[in-house]
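One chain, chain A, links the two complexes that follow: it is found with chain B in the first and with chain C in the second.
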Partner chain A sequence: MASYKKFVLLRIPQVVLTLVGLSILIFTLVRFIPSDPARTAIGPGASEEVYQEYREELRLDEPLHMQYIGFVQDIFNGSLGESTRTGNDVAVDIIEKLPATLELIALGFTVAVLLGIPFGIVAGLNKDRLPDHFSRFVALSGIAFPRFWLAITFQVVLVSWLGLFPLTGRISGAAPAHVTGFYTIDSLIAGNFDKFTDAVWHLILPATALGFSTFSQVTRLVRSEMIEISRADYIMTGRSQGIPEWMIAYKYMLKNAFSSTLTVLGFRIGGMLSGATFVELIFNIDGIGRYTLASIVRLDYNAIVGVVLVLGVTYLISSAIVDMLYGYLDPRIRLEA
Partner chain B sequence: MSGILNSEMSSEREEQIDNLKRLWSRFTANTLTVVGTLIVVSVIFAAIFAPYIAPYPQHAEGGVGSVDNDNRLAEPSTEHLMGTDDSGRDIFSRVLYGARISLQMMTIALTLSISVGGTLGLVAGMKGGITKVIIMRTADTFMSIPALVLAMVVAGLLEPNLYISMVAVSVYWWTLYCRLVQGEVNSIKEEEFVEADRALGSPWYNTAVKEILPNIITPVLVKATIDAGFIILLAAGLGFLGLGTQPPTPDWGVMVAQGRDFVLTSWWVSTLPGLAIAYTVYGFNLLGDGLRDVFDVEVDVNE
Partner chain C sequence: MSNPILEINDLKASFKTYEGTANVLDGIDLTIHEGEAMALVGETGCGKSLTTELILDLVPAARTSGEMKFKDEVVYSPSVDERSTLRGENISIIMQDPMSSLNPVFTIGEQMTDILLFGGGEKSPIDYLKHKLTRNGAERKKARERAREVLNEVQISSPERVLSSYPSELSGGMRQRILIGMALLADPDLLIADEPGTALDVTTEKKILEILKDIVDNRDTSVIYITHDLGVAHEVSDRVTVMYAGQVVERSPTDVIFDTPMHPYTRTLLESVPSLSTGIGEGSEGSIPSYVDVEAECRFADRCEFSEAACRGVHPGERTLDQGQSVACHLYKQDTGGRSADDTDEPYIGPPPWRTEQKRAD
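Moving on to the complex of A and B:
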């Protein structure tokens, strides 16, 4: 256990260091561009006074390192600076937009895992036979088709032609009373089951479009895991002792399938967060992806820095957690670190 | 004497030929690899000969007759294989020209990423110590931002166009080659032929170019083939969001975006150009997977 502690303790400063690097990187990136952020924010025709006010608020007249120190101080006070587009603190904006995106990602992951594990197992157990070829083709499609194409094609086929799902939005009619911001959870808290099913119904297409590439990676990984394990000594031993095949698959293989799925999820969180931009745009969902896009298009500096920082932190923390879980499950990983 | 030398040389050549033959038969043994190759070749063919194959080249090249207002949103037919868009332009012709944009963008972005990332990875691997720590930590930092978001920020802050989107993609992608090359250098640095060169007093950069570089070209090229598809996807994504190539350039991502307003009425405007993206990505992926098996190298696949 001592070595595990050491493994975790080594990992934490790494994450912190990368975080500091990340904040410096994005901070400088945003400040090194040709246009004047204050001018962009207020638009043409504003008075010189308003302009100076904005410059002061964005600390643009201070030297770069002082700007950065001020920015870090603000973070410790729970602020990411004011968004020039919405007028709110960026932290407030992000907290407001995040639930819609997290809801999408959660369901996207669920779809990916529920489809990916069985596909991977069937493919792995039938290596080089028809089911294997079929599921590999489907898995490759998950990589080849852009998310935005999937989302639009779902709208064409499943909404426009077949009329099975709502076209856009998160819910029909009014949103449930705000508690968490997750419409699915809020509607359950309000005890309104109709609203809950309606919210889930709205989520299915965007979540599937978002999770499809993760599904294909889960399939790939579970498949190769299956092939590797079925050759392992302990499985051979089990077989020779007459343990039934379904029991082997259930007891040993499934367990491994889950732990490999875990890594995929850790790696995919970044891709899911950014991929949400397409899905939110196409399905008209007011989440963090659309917020990012709007901030970039309008050159909203504080918002860009804030959003990138939050996405980076989410990615770093989730991959560190996956590393630690993995190190816990498989002692060999610890030795390599 | 010369007879012995000759026979040695010819046997060496025979060995080389045998080797190539073996690689070739391994390459063609896998149907999927062959399919991938055919797809990639067909995309390159379309890009080169677009002006000759496209039924309405003027709809993609702009200028006189680049729109046809009498033929707006025409359904796919024998006259317009993929229908027409809201300016009456033949979508099939524009998709063919789109191959030019995608391949051009992918080639330059890959070249940029490999030269910057590869050089830094080589230096990190050869020098080690603090140099390595600084380079690899910097790469980690760039990698902690999702590829799409980093590319969006860079493209948005500069000016969204074809050339900036190549740079925007490379700002993320160099890290992958930095990592790959650094790892490869590490794994062969201790080999005898490298040690021998160093013992002879060669400076590290000489050893790197003479002994290390030839040994890491294969994994880099295999990864580049697989990455080609992903870079095309990423660039199309930028185009779709309005942060990449700008209309009226026939970029595949831009074309999908333009059809969004007609999803309920004219399904072909968005969906058919998107198929071109998927087709190309399939091709590069299958080809890359095949090359990986043939040369028996291990490379990570990142998206």
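Moving on to the complex of A and C:
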């Protein structure tokens, strides 16, 4: 087990280095956009004096490396710089907007994985039979239909025609007292179960629209892994010793299939974060996706850099978790460390 | 002779491939007697592994026909298929490649105790859950004890360490021993060893063969050794069956076949330096024909210096010779059981030069 700890610890410097690299990259890149953020922020009517003052406040006249050093200093003071659009510290904005999106992703992802794995298993074990054809249809539609199309279709069919779900928003009436910003968690903390069900009810359609492509990917992946592994020599060994078929499938094949599927899941979380924008727009959810879009349109340097860093951190955390699980599932990875 | 333990009659197997149907096994007959050590010999790709895997119904992709009996009971026929019930307790296979034949994500101990506790197909998933929940101490301990025993039997000196290791932590020789041990767990009546040790270096291969031979002698099980190396067959077997391209071409007691190889293919095999260290093939030209659209009835015809039109048109049935040998080749006369040779339709293009020399010497 010592080697496993080492395996986990080894990742920490990797994570830090990646974040430094990412921040330099995005920090520099936004500054190459051929447009003037100060002018965009204060509008074309403002006087030259005000404009210059604002540029100084944003440190835009300093050389690039000085700007970056200032940015890093700010981070150590718990600030990501002021947003030229909202006037708040970007860190404050992000803390406010992120929970709505994370809540969406958490539900979408969990459901996608919990449904995708059994779907994939059944399809893989019944290759070219009915369950496999069905799963192929579902999986293909997950790839063929874009998120926004799914979202709008849900709204038309399930909301307008059938009236099964609320159309937009995160909750009916007032939000629960703020603790974490996750309405589901906050309403439970407040002991308000009605609000909890209401929040979940609001989450279902956007989470499904967001998670569907992940679900279909997981299904396809688990299916092909199961088929691949069913041909492995060690599976034949198990069978030849009389290991029953259920054990071959659900123990001997599944653990192998799942450890390769995990890698892709890590990528998907990052993908869902960037895919959340459309879903937030259509379901009118005030999350990080919409915030990002607005920041880009208004050339809000600090906000863009802040959001990208959050994306990076989320991605790194999820891939670190995946790696740890991977090491746990597959001894070969663990032992190499 | 003792009773047959396994009889295979006219086993055929084909696969659908992108190029068309590959007719790999072309009517294999095999009989193994109790306590007998048989070597199944032939070059890579001739269908040795496939033949034995089909005995335990391990190749779902194959379309198969024929008949099999285990201890006089029909286990496979057009109307019966009980082959999967033979797995483990009756027949066990030591798989060919030690590097890929152990599950990489479970410890050796877990794989072995699973065979002991759940092998045989009577246990249900509920039993498994119960076992996991109650951590069934006594039963598990007994299984681990038994696993240690077989690891001792294959001369592994630190069984406890091996049991808690994953395959990737162990050397090829170790994994090969473990595979042998696994096959012994359920005390099979017939053991099939698919190219044991071939994937390893020569010294390790020798050691593995010694261990295996000791075990077989001690336990008095019947065994099929699969090998592409007649040298190995010479060391370990009582009887040799030679296969070429999905057909049995010659059968013989081991000591006889080295003195009087009959089939032209067996002769090339012997000429190509049969020793424990070298494989075969260097000395024999050509390779096994494609199994898709095999045209010749004797599949060796393309490589045979004696082949004639008859060899491509008529399947050479097996002819029984003296000294317990039999051969499937038109160079020999069909044993007619007393009738005159003219009564059979079999073409006869022989005798082969080595036969006439021998006759003259008599």
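Throughout what follows, the second predicted complex is superposed on the first by the 280 of 337 C-alpha atoms of A that agree within 3 Å, B and C clash if a C-alpha of one lies under 4 Å from a C-alpha of the other, contacts with A are read in each partner's own complex, and residues count from 1 in each chain.
One rule holds for everything that comes next: a residue touches a chain if its C-beta (ideal position, glycine included) is under 8 Å from a C-beta of that chain, and two chains touch if they have at least 3 such contacts.
Please read all numbers here as calculations on a predicted model, not as lab measurements.
Visitor: Touching A:Ala144 in the superposition: chain B (first), chain C (second), both, neither?
Guide: A:Ala144 sits against chain B, while chain C stays out of touch.
Visitor: Scan A:Asp233 for contacts with chain B and chain C and give back first, second, both or neither.
Guide: Second partner only.
Visitor: Between chain B and chain C, whom does A:Asn256 touch in the aligned arrangement: first, second, both, or neither?
Guide: A:Asn256 sits against chain C, while chain B stays out of touch.
Visitor: Which partner does A:Ser187 contact after superposing on A: first (chain B), second (chain C), both, neither?
Guide: neither
Visitor: Regarding the shared-chain residue A:Val308, is it in contact with chain B (first), chain C (second), both, or neither?
Guide: Once the two structures are laid over each other on A, A:Val308 reaches chain B alone.
Visitor: Chain B or chain C: which reaches more residues on chain A?
Guide: Counting residues of chain A touched by each partner, the higher count goes to B.
Visitor: Output the chain A positions appearing in both contact lists, the one against chain B and the one against chain C.
Guide: Correct list for chain A: none, the interfaces share no residue.
Visitor: Report the residues of chain B in contact with chain A in the complex, numbered from low to high.
Guide: Those in contact with chain A are residues 137-138, 140-142, 144-150, 152-154, 156-158, 229-230, 233, 236-237, 240-243, 253, 256-257, 259-260, 263-264, 267, 270-271, 274-275, 277-279, 281-282, 285-286, 303.
Visitor: Which residues, counting only chain C, touch chain A once they are in their complex?
Guide: 53, 56, 58, 87-89, 92-93, 95-97, 100-106, 111, 114-115, 118-121, 123-125, 128, 166, 168-169, 179, 182-183, 185-186
Visitor: Of all residues in chain A, which touch chain C in the complex?
Guide: Its residues touching chain C are 232-247, 250-252, 255-256, 259, 329-332, 335.
Visitor: Please name which positions on chain A make contact with chain B in the complex.
Guide: Going through chain A, the ones touching chain B are 17-19, 21-22, 25-26, 29-30, 33-34, 140-141, 143-149, 152-153, 155-156, 159-161, 167, 213, 217, 270-271, 273-275, 277-278, 281-282, 292-293, 296-297, 299, 304, 307-308, 311-312, 315-316.
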